[in-house]
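The block underneath contains the structure these notes are about, expressed in structure tokens.
When the chains are written out, they are named A, B, C and D in that same order, and each has its own residue count from 1.
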Amino acid sequence: MIRILVSREPIDPAAEMAALEQGGAVATFTGLVRADDGVATLELEHYPGATEAALTRLAEDATARWPLAAATIVHRVGPMTAGERIVFVGTCSAHRQAALEACAFLIDRLKTDAPFWKRETVGEKTRWVEARAADDDAAARWR
Amino acid sequence: MIRILVSREPIDPAAEMAALEQGGAVATFTGLVRADDGVATLELEHYPGATEAALTRLAEDATARWPLAAATIVHRVGPMTAGERIVFVGTCSAHRQAALEACAFLIDRLKTDAPFWKRETVGEKTRWVEARAADDDAAARWR
Amino acid sequence: MKLLYFAWVRERIGLPEEDVTPPAHVATVADLIAWLTPRSPGHAVAFVDPARLRAAVDQAFVALDAPIGEAHEVAIFPPVTGG
Amino acid sequence: MKLLYFAWVRERIGLPEEDVTPPAHVATVADLIAWLTPRSPGHAVAFVDPARLRAAVDQAFVALDAPIGEAHEVAIFPPVTGG
């Protein structure tokens, strides 16, 4: 069962985790707006339609590669503040390694394959976050 | 910040996740009593004192190997039924890979290094669960 | 053909989207970018370094040398930074 | 010396723990198991295949050839199956 949600509302990990519990092993990853570096606010822009399609493809890739009972990707868009949740990915499988690997796969690939852009405000300054080569490397190990 | 809990009470993953949110990346693993194979109930026995010490050592190992802001291991003991949570492990780090790897490390090593024993009831029959060679292999890759 | 711009590409051009009818010799995304560049000072700044640009044709991510064919929608944007 | 038994070792022996004073020649966990085996039919059944047993000396996991020295507490149990 695949669940994809792109929303301006806060992410509720408890509800997402409960919905994932369809087998013996559940793995999750949650990304938060970093509170360090003086980042005060973050704004997430995305490509409506294409975003949901890219996340669905990603979840389908995961269910093709691992025996998953469930895969969830929830991504927040719009403005948010330090400490808030940006992204939640979760997997459920009868097998621990499948759940853990598929969860890492989803977040690694989401970083490079889904059309989101972060703009952060630090003090008075606003800047678009630069893509990281380390994210390309992390995504590449799944190809 | 290390949190270790061995308890007969149900595990509350929402509260555990909230407590872990001390940095940019949170990874969790939850193990549930399998509902397949006709397993009706499971009883978890442990070695009081030694269990908590083993789990604390494990969490300390993880914080020595990865830059973690938090590590949590919660393990249930006593009787439980299909679908209930047996174990929750979680990590928090500024770095996604550190959180994901340390989470996998904790659950892999917990399987072989902590003194718990499962007894399951299938229909009328009760049996002690056998240790799995695959768990030894999974734990060995972290040595 | 509908063009969509995101993040600093959108900001530099000053438009989230526009409709264009490229001439026949515009065959690839790279051709399209070169053809759009002189359209305004904003386009020129946005497209000054094509190596920093990524694209999607009809919502599928493609390399800049991909053909645009009969596409309805082409999006041009910086490398993605979600998650 | 306090002995603790868990899981099917405890069930077969019929006791969760007992106090013993092994003679001087009992130097390792394996020696201890061999010395305990004739103690009762339950001990004999529990310890029939030492390869299936694991142990902790003063709450530290050890191999069966580990010395018991001046240990206060030795636990004998099957391979663990938590998580």
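Here is the rule we use: a residue touches a chain if its C-beta (ideal position, glycine included) is under 8 Å from a C-beta of that chain, and two chains touch if they have at least 3 such contacts.
Bear in mind the structure is a predicted one, so any value in this text is a computation, not a measurement.
Participant: Using the touch definition from the top, how many steps at minimum link chain A to chain D?
Facilitator: The fewest touching-chain steps linking chain A to chain D number 2.
Participant: Can you give the whole-Å distance between the Cα centres of chain B and chain C?
Facilitator: 49
Participant: So, what's the distance in Å between the C-alpha centres of chain C and chain A?
Facilitator: 26
Participant: Counting only Cα atoms for the centres, state how far chain C is from chain D in Å.
Facilitator: Computed from C-alpha means, the inter-chain centre distance equals 72 Å.
Participant: Return the residues of chain B touching two or more other chains; collapse runs of consecutive numbers into ranges.
Facilitator: Chain B, residues with two or more chain partners: 31, 107.
Participant: Residues of chain C that contact two or more other chains, please.
Facilitator: Residues of chain C never touch two or more of the other chains.
Participant: Using the contact rule from the top, write out all pairs of chains that touch.
Facilitator: Once each pair is checked, the touching ones are A-B, A-C, B-D.
Participant: Under the stated contact criterion, what part of chain A meets chain B in this complex?
Facilitator: Against chain B, the touching part of chain A is residues 13-14, 17, 21, 23-34, 36, 83, 94, 96-97, 99-100, 103-104, 107-108, 138.
Participant: Using the touch definition up top, name the residues of chain D that touch chain B in the complex.
Facilitator: Touching chain B from chain D are residues 4, 6-8, 56, 59, 61, 75, 77-83.
Participant: Residue numbers of chain A touching chain C in their complex, please.
Facilitator: Contacts found on chain A: 31, 44-47, 49-50, 53-54, 75, 86-87, 107, 110-119, 128-131, 135.
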